[in-house]
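In what comes next, chain A is part of two complexes: it sits with chain B in the first one and with chain C in the second one.
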Partner chain A sequence: MGELIRLEHIVKSFDDTMVLNGIDLSVAENEFVTLLGPSGCGKTTTLRIIGGFEKPDEGRVWFDGKDITDLPANQRLLNTVFQNYALFPHMTVGENIAFGLRVKNKPEQYIKDKIKYALKLVNLDGFQNRQIDQMSGGQQQRIAMARAIVNEPRVLLLDEPLGALDLKLRQEMQYELVRLKKELGITFLYITHDQEEALTMSDKVVVMNEGYIQQQGTPEQIYDEPVNAFVADFIGDSNIIDGTMIAEKVVRIDGKDYPCIDGTEQGFPPRSRVDVVIRPEDIDIVPYGQGQWNGTIISKLFIGVHYEMLVQSEDGKVEWLLQNYDQHDVGEKIGMKVDPENIQIMQKPKSEAESAIELDL
Partner chain B sequence: MKKTLGRIYVLLIMLFLYLPILTLIVLSFNDAKSMSVWTGFSLHWYAELFQSRLMMGAIVNTFSIAILAAIIATVVGTMAVIGMSAMKPRQENTLMAFNNIPMLNADIVTGIALMLFFLMVSWPRGYMSILFSHTTFCIPYVILSVRPRLNKNTDRLFEAALDLGASEKYAFRKIVIPELKPGIMTGFLLSFTMSVDDFIITYFTRGAGINTISTLIYSEVKIGIRPSLFALSTIIFVVALVVLITVNVHQSRADKALSAA
Partner chain C sequence: MVAKKRFATPFIIWIIAGTVIPLASIAYYGFTSREGGFTFANILAMFQHDHMQALGLSLLLAVISTVICLVMAFPMAMILRESKWGKQGFLIFVIILPMWMNFLLRTMAWQVLLERQGVINALITAVGLPRQELMNTPGAIVLGMVYDFLPFMILPIYNTVSKIDNHLIEAAYDLGASKTMTYARVIIPLTVPGIVSGVTMVFIPALTTFVISNMLGGGKINLIGNIIEQEFTVNSNWYLGSGLSLVMMVFIIASMLLLQKFDKTGGQNLI
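Up next, the complex of A and B:
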C-alpha cells in the first residue's frame, strides 16, 4: 500500500486561536483512517484542509506525490460526505447524485447508469425521483454517500456522517460503511467523536486533542496501550492513577507494589513518576484477602451486558472503577487482582498543553 | 352568550374594514356624480376612466415605475447581501444597522431629503427621479428579506457543490440562487407593493406634469373628486383581491400536494 495523502506540519489558527499545532499525518492507499477527538480538537479543520476548504497557515498537503496545498477544492480528486449531508434541497435524489457528473459534462446515458448503480449500492433502489425532504435521516445519509461515490474519488472524506442518526441506525450504518469501502476499494478518511465508531471500523485511529495528534495506531494499540491519560480516558473507561516506578518493572500504586511489563527500555526507569492505566474490565474480583488488594463496593450500576461498580480501596485513597459480569452487592468486601500485562504505564504529561488536557478530563 | 358577543365583535370589525370599500365600489357604478344619492347602475365612470389620458398615464407610470424599481432594487439588494455575507460579522452588523435606518425613517423626511438632493445636483425631476427614489427606498427591504436565506446552510451547500467539482460560478448559479429564490421573490413583491403604495416620496420627487395614481388622486381631490377615480380604486382593489386569492389557493394546493406525498 502506497502513501496517498500526507500532511506535513500543518498549522492553522482562526482569529488568534490555534486550531492545529503542527499536524503530521500519513494515509495509505485503501486505508480506513479515523480522526478521533472531542469537539474543538481540530479534526474537522484537518479534514477541511484536505478537502481544500481551508488553507493551512503553515505546512504542505501532499496527494499521490503532488503538492495540492494551493489547489482549489473543485480540482481535487476527492469527495466529501458532509456532517449535515449538505444535499441540495431543490433537487430530486437523482439530480443530487448526478450533480458531480453533470459538472463534468458526462453523457446522459452514463449519468443514468451511474445513478442507478449508486442507488443500488446504498440500498435505495428506485428512489431517484423523490424530493430530498421526503427522505429520512438515514436515507439522506446514504444519498450523500451516493452523491460522493459516483464521481469515483480516490479518497472519500467523511465528516461525522453518522452523527445525526439514532443509535440503532448508526450501528447498522457502520457495517454498511465497511461493506461499501470493501466494494469500492477506495481510501476512507473518517471523522468522529465517537470512540466506539472509530474502534469498530478503522484500520488506523488518530486521536486528536487541542490541535495535537495524541496517538495514532491500530484500534487495538490505541485501546490497549494508550500513550497518555487523555487517550486512555477518551477511549473507553479507565482507571488512571498516579504511580511511581520503585524498581525495574515494578510500579507502586495505591500504596502497593505491582509487577508490570514496562521498564527502562520503554522509557520508565526506576524512581520516575508515571500515570498508570488499568481498564475496568481487567480487574478481576476474588474473595476477600485473596487478591492483590482489598476494597469495599460503594456503588453498583447495571448497564446492559455487565455491572459497573465503584470500589473504595482499603489501603489507599483510590476509587476503582470495575466492570464485571457477576453481581456483587454494595457494601460487600472483595479482593481485586490484575495481571501484569494489563497494567499500562504512561508518561506524566510534560508540556503545558498536555497538562491543560488533563485538567479538562 | 359569549359566542354571540364574539360574533358581533368580529362582525363590527369586518364592517369597519370593508364597509368603506364597499361604499366605494357601489358609488363607482352610480349613474349620478353624487356621493350620497343612488340614481341607477352605470358603467360610464369606467368608460371615462379608460378614455382619460391623464388617468391612463398615471396608471402606466405607477406600474412601470413599480416594476422597474422592484427589479433594480432586487438585483442591487441581492448583490449587496452576497457582498455582505463575505464580511466580518461586526462590519456586517454595522451595515445592517445602516440598512435598517431608511425603513424606520419617516417617509416625509426621506421625501424632502431626496427632493433637496435632486435640487442640489440639479437633476431634472420627473419619471427618472421618481424611479431613482423608489429604487432607493426598496433596496433595504430586499436586503432584509434576502439576507436570512443566505446562512451557514447555504455556505455548506456551496462548498458541497465545489467539492463535487463545480466552478464557483456554476455552484452559485445552480445552488445558491435557487436557495435565495424565496427571499428574492419576497423582496421583489414587497418592493412592488411599496412602490405602488407610495405617495409622500413620489409627491416630493416628481416634477410638474407627471403623476402616479396616488399623486393624481391627491390633486383631483383639491378640485373635486370624480367618480372615475372610484372606478380606478375599485379596479385596483379587485386586482389585488384576485392576486391574493390565487396565491393562497396555489399555496394551499402546494401544501396539500406536499403532505399527501
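Up next, the complex of A and C:
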C-alpha cells in the first residue's frame, strides 16, 4: 500500500486559538483511517484542511506525491460527506447525486447510469425522483454518500457522518460503510468522537486531543496499549491510578506492591512516578481477602450485558470501576484481583498541554 | 378558539374600513359612467393611445429600475453575508438609514443635485464639460426609483442568502463546481424566494409611482401613475381614474402570480 495523503507539520489557529499544533499524518492507499477525539480536538479542522476548505498556517498537504496545500477544493480528487449531509434542498435525490457529474459535463446517459449504480450501492434503488425533505436522516446520509462516490474520488472524507442517527441505525450504517469501502476499494478518512465507531471500522485509529495527535495505531494497539492516560480514558472506560515504580517490574499502587510487565526497558525505571491504567473488565471479583485489593461495593448499574460497579478501596483513597457478569450487592465486601499483564504502566503527562488534558478528564 | 377569534375584531374592522370599502367604491366608480349608468368605457380607456404610451413607459422604467436594483442588491447581499460587519447588523443599519428620512425629502434632495444649476452640474462644468440636462428625464426618474427602492430589494435578498448553509456552498465546491457554477446552480436558486419578494417590493411601487415622476420628471413625463392621479385631482374624473386603477390592479396581480410561479418551482427555470 503506497502513501496517498501526507500531512507535514500542519499548524492552524483561529483568532489566536491554537487548533492544530503540528500534525503529522500519513494515510495509505485503500486504508480506513479514523481521526478520533473529543469535540474541539482539531479533527474536523484537519479534515477541512485536507478537503481544501481551510488553509493551514504552516505545513504542507501532500496528495499522491503532489503538494496540494494551495489547490482549491474543487480541483482535489477527493470528496466529502458532510456532518449535516449538506444535500441541496432545491434538487431531487437524483439531481443531488448528478451534481458533481453535471458540473464536469459528463454525458447524460453516463450520469443516468451512475445515479442508478450509486443508488443501488447505498440501497436506495428507485428513489431518484424524491425530494430531499421527504427522506429520513438515514436515507439522507446514504444520498450524501452516493453523491460523493459517483465522482470516483480516491479518498472519501467523512465528517461524523453517523452523528445524527439513532443508535440502531448507527450500528447498521457501520457495517454498511465497511461494505461500501470494500466494494469501492478507495481510501476512507473518517472523523468521529465515538470510540466504538472508530474501533469497529478502522484499519488505523488516530487519537487527537488539544490539537495534538496523542497516538496512532491499529484499533487493537490503541485499546491494548494506550500511550497515555488520555488515550486510555478516551478509548473505553479505565481506572487511572497514581503509582510509583518500586523496583524493576514492580509498581506500588494504593499502598501495596504488585508485579507488572513493564520496566526500565519500556521507559519506567525504579522510583519513577507513573499512571497505572487498569481496564474495568480486567478486574476479577474474588472472595474478601483473597485478591490484591479489598473494597466495598458502593454502587451498581445493570447495563445490558454486564453489571458496572463502583468499589471503594478499604482506606477510602481509590474508587475502582468494575465490569462483571455476576451480580453482587451494594455494601458487599469483596476482593479484587488483576493479572500482571493487565496492569498497564504509563508515563505521567509532561508538557503543559498534556497536563491541561489531564485536568479535563 | 371562539374567544381567540374575538381578538381579530379590530383587524377585521380595519380591513373593512381600509380595504374592502375603498376597493368596492373603486370598483363601483370604475364601472360607472359620469351619467351614472353601467359602462366598460373607463376600463377600455386604458387602450387609448396616450394611456397605453404612459403604461408602456411606466413598465419600461419600472423594469429598468427593478433590474438595476437586483443587479446592485445581490452582490451587496452576498458581501453582507460574508462580512463581519454584516453579521453585526451595522451595514444593514447603514442601508436602511435613508429610509428613516421622509420619502419626499429624499426625492427633493435629488432635485437639488440634478438641477441645471445643481451640484452635479457644478461639478461637471468645473472640469470643463458642457452643462447637462439631468432633470426631467426618464433617467432622473429611474435614478430616483432605484435610490428610493433599493433597500427593499437588498433586505429580502440578504435575509435569504444569510440563511444559506455554508456547507451547501462547500459541498458544491467539493463536488468540483467552479465559483460561477456554484452561484448558478446553488446560491441563486436558493435565493429565489428573496429575489421574488425583492422584485415584488420594488417593481410594484415603481410601476405605480407618481410622486417620483412628478418631482424628477417635472410633469413633462407622464407615467400611468401620473395619469390616474390627474384624473382624480386635476380632472376630477373619479370614474376614469378608478377604471384605470382597476386595470392596473389586475395587471399587478397577474405579474405577482407570474413571480410566485418562479418561487414554487424552486427557481430552476430561472437558470
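Here are some notes:
One rule holds in what follows: the second predicted complex is superposed on the first by the 359 of 361 C-alpha atoms of A that agree within 3 Å, B and C clash if a C-alpha of one lies under 4 Å from a C-alpha of the other, contacts with A are read in each partner's own complex, and residues count from 1 in each chain.
Going forward, a contact is a pair of C-beta atoms (placed from the backbone, for glycine too) under 8 Å apart; a residue touches a chain by one contact, two chains touch by 3 or more.
Computed from a predicted structure; not experimentally measured.
In the three-chain model built by superposing on chain A, chain B clashes with chain C. Judged by the touch definition given at the top, the superposed model places A:P161 against neither chain B nor chain C. With both structures placed on the common chain, the touch criterion links A:G295 to neither chain B nor chain C.
By the touch criterion defined above, A:G42 lies against neither chain B nor chain C after alignment on the C-alpha atoms of chain A.
Shared-chain residue A:A86: touches chain B and chain C both. Legend: residue contacts after superposition of the two complexes on their common chain; A:Q134 is shown touching chain B, with no touch to chain C. Common to the chain B-facing and chain C-facing surfaces of chain A are residues 51-53, 72-75, 79-80, 82, 84, 86-90, 99-100, 103-104, 147-148, 151. Residues of chain A touching chain C in their complex: 51-53, 72-75, 79-80, 82-84, 86-90, 99-100, 102-104, 147-148, 151. The residues of chain B lying in touch with chain A in their complex are 153, 156-157, 159-168, 170, 174-175, 178-179, 261. Per the touch definition, chain C reaches chain A in the complex via residues 165, 167-168, 170-178, 181, 185-186, 189-190, 266-268.
In the complex of the two chains, the chain A residues touching chain B come out as 51-53, 72-75, 79-80, 82, 84, 86-90, 99-100, 103-104, 131, 134, 147-148, 151.
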